[in-house]
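There's a structure below that I have some questions on.
Just so it is clear, A, B and C label the chains in written order, and each chain counts residues from 1 on its own.
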Amino acid sequence: MEKVRPGTPEARVLEGYIMSTLFYEPSTRTRLSFESAMARLGGTVLSTESAGEYSSAAKGETLEDTVRTVEGYADCIVIRHFQEGAAKRAAAVASVPILNAGDGPGQHPTQALLDLYTIQREIGRLNDIKVGMIGDLANGRTVRSLCMCLSMYDNVQLYFVAPDVVRMRDDIKEYLTARGVKWTEVTDLREVAADVDVLYQTRIQRERFSNMDEYNAARGKYIIDKELMSHLQRHAVVMHPLPRVDEITVDVDSDPRAAYFRQARNGLYVRMALLKLCLADR
Amino acid sequence: MEKVRPGTPEARVLEGYIMSTLFYEPSTRTRLSFESAMARLGGTVLSTESAGEYSSAAKGETLEDTVRTVEGYADCIVIRHFQEGAAKRAAAVASVPILNAGDGPGQHPTQALLDLYTIQREIGRLNDIKVGMIGDLANGRTVRSLCMCLSMYDNVQLYFVAPDVVRMRDDIKEYLTARGVKWTEVTDLREVAADVDVLYQTRIQRERFSNMDEYNAARGKYIIDKELMSHLQRHAVVMHPLPRVDEITVDVDSDPRAAYFRQARNGLYVRMALLKLCLADR
Amino acid sequence: MEKVRPGTPEARVLEGYIMSTLFYEPSTRTRLSFESAMARLGGTVLSTESAGEYSSAAKGETLEDTVRTVEGYADCIVIRHFQEGAAKRAAAVASVPILNAGDGPGQHPTQALLDLYTIQREIGRLNDIKVGMIGDLANGRTVRSLCMCLSMYDNVQLYFVAPDVVRMRDDIKEYLTARGVKWTEVTDLREVAADVDVLYQTRIQRERFSNMDEYNAARGKYIIDKELMSHLQRHAVVMHPLPRVDEITVDVDSDPRAAYFRQARNGLYVRMALLKLCLADR
């Protein structure tokens, strides 16, 4: 997908196909990358930036009815919703493919796929890797999904580095243990940095905190800066689902091991592949 | 139009043409179906989801000025406005075709066309039919337009079934009588269901009621559910302009006589035909 | 660019290319004309009508990070921002072309280009012209930019006609004087109208006034109406960046010397040329 160029037959493989985005929650990044993926393959997009606010939802229409209507206008639907299970409910009534672009505290499967794709591209393998996950591990949908995905590979070692109030939850820990994935909770970020292949940093989400003192303490605790990068192995990379605030300092951006903008771009390729799979290869 | 497939010459008939949507009022359904129609024929869309909020309107620009500007950028304009007559005002100054996608309490002509198209497809004729209209007949733009359209056909019999506060208004009744269309007001929905070819249900619009008790009484009065469907003739169909709230129960959806999602899809075909007519066949 | 027609090879010169709009400030006119320009050349648009509200910006992401992400999805980015210098900051980190569609009180370069293009087309030259600028000359970004652009031509004579509170600022006056451009401040609009090749009217921006009495006085002071048009030379034209409120009366619209809607349309051609230059001609 990275080799698709304007004007080539590959760039027209979805010509005439229509993808509709139904975003009940804002997400510029995910929406634009899905829309770009469709456009890169010659397809067309019907866009709804804020479905909840404008659409029939305001008049009391159910998600199921909206989906059954929109499937009349599009060949596939990309849905982002604030409720867990929304994509599943949509898929249950739809006759066109539904792509889950995040369902509240539930899953964000295309993010997990692009994370795996990025690790494979950057490190060269998905087995036999050590991954340090940092930041808001309690609420971070992406790290939770990534843990589950990594459990399918062999000899994966996970390190969790989180402020106390947002530690990785027991459900994931038990899931990993049951599948024989080694994990440990660590407090020294430098030690982890020196040992891992991937440092996966996440944003402390202000909106999860009722107490601003707690937020500020959590937020400043684990920062990746130039000094920390000096501990990282030469082949290792730093990833981040973005957006970032200050948990990675901007002077790290120029380090070749800063993989987060490449990671964002990989979202495009992964979504191109998914759309081709759903529409052209059926 | 239902036979247009990706990759065929029919799917490129509007290639290079641009349609702009100017929606001063939200309407996901109508907007997406117009945009899909344009895309299905190879055309491009410039979309404005909420023209009133973002555009120059906020700076005091008149609708006429907006239209004279946007016509410089597009080959046709689809306009949805909260004021009656807005589309007519736009058409008066425009040098490109203006398509009325609903002008406040005025008209919604493409909805009326898709309703006619649906009756023709489902029942096989537009003459010699019996149609029951249910719900908010006072404010429902679609039933008012449909009455006027049906008056062009022969031997049409209409039944109006509405809560007292939202009965069909005199202007339409007089219009029908003057054109020799038979109409009667009925209170027993079952009796009507047993007799008609088409049951056209509408949503009781909460925003029209100042008194919530009245709203709730009106809202629960005429529901189409499985029991009522047992009275409907085998060849008859249930239509609804959507969105629905609970005036048709979801267990009716699987009944083959539930035509409302097919009706929504017909909006696509009717709008494809209109766009082709306005742009390619001129 | 005015001769590009649907279905011709010129109309496909940007096929497969993607332009993303990042609008942190509403501007229907500018956004639609950029999007139309891209579509007229066969390109695709990823649209963000209100980037500030929906995007990661709300989560604390910097403009630089947003740009580095979006450049992964698009071949060029059109940015409109409320802060002066935003486009420059974006360009500093971007690997794709950034087009400035207005950066707060800073510049609006594509507007200045279309203004020049319009004068050239309407009057036939950019040297040896007399231009009267009217209205809010203190805050009007377009007149300020136009002054600077016109200073590159020979023998340009400028007249400034503004209410006291919004007179042209010293920085521009000094800029012009330093470059040998003749300018004078005048209070009699009729006298100016009789002398110039171009009357460039602007809107008094209500949002700039804290005192509504001052606003109303400023607003009504210099109106272009039919009577005033009788003083204008036969070959001269009236321009306006739009939107207008009442500073040009609508009965002037039908006068062939009213060039403002043609001017708006020229924005399309100028932006087509810019996009082709940035993407296809590199």
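General remarks:
Here, a residue touches a chain if its C-beta (ideal position, glycine included) is under 8 Å from a C-beta of that chain, and two chains touch if they have at least 3 such contacts.
What you are looking at is a predicted structure, and each value in this text was computed from that prediction instead of being measured.
For the pair subunit B and subunit C, the fraction of shared interface numbers is less than half, so the two copies use mostly different residues to meet. The rotation relating subunit A to subunit B, fitted on Cα atoms, amounts to 120°, rounded to the nearest 5. Averaging Cα coordinates per chain places subunit B and subunit C 39 Å apart.
Multi-chain contact residues of subunit A (touching two or more other chains) are listed as 47, 49-50.
Interface residues of subunit C facing subunit B in the complex, by the touch rule stated above, are 5-8, 11, 26, 28-29, 32-33, 35-36, 39-40, 42, 47, 49-50, 203, 206, 242-245, 250, 253, 261, 264-265, 267-268. Those residues of subunit A that touch subunit B in the shared complex are 15-18, 20, 44, 46-51, 53-56, 58-61, 64-66, 68-70, 72-74.
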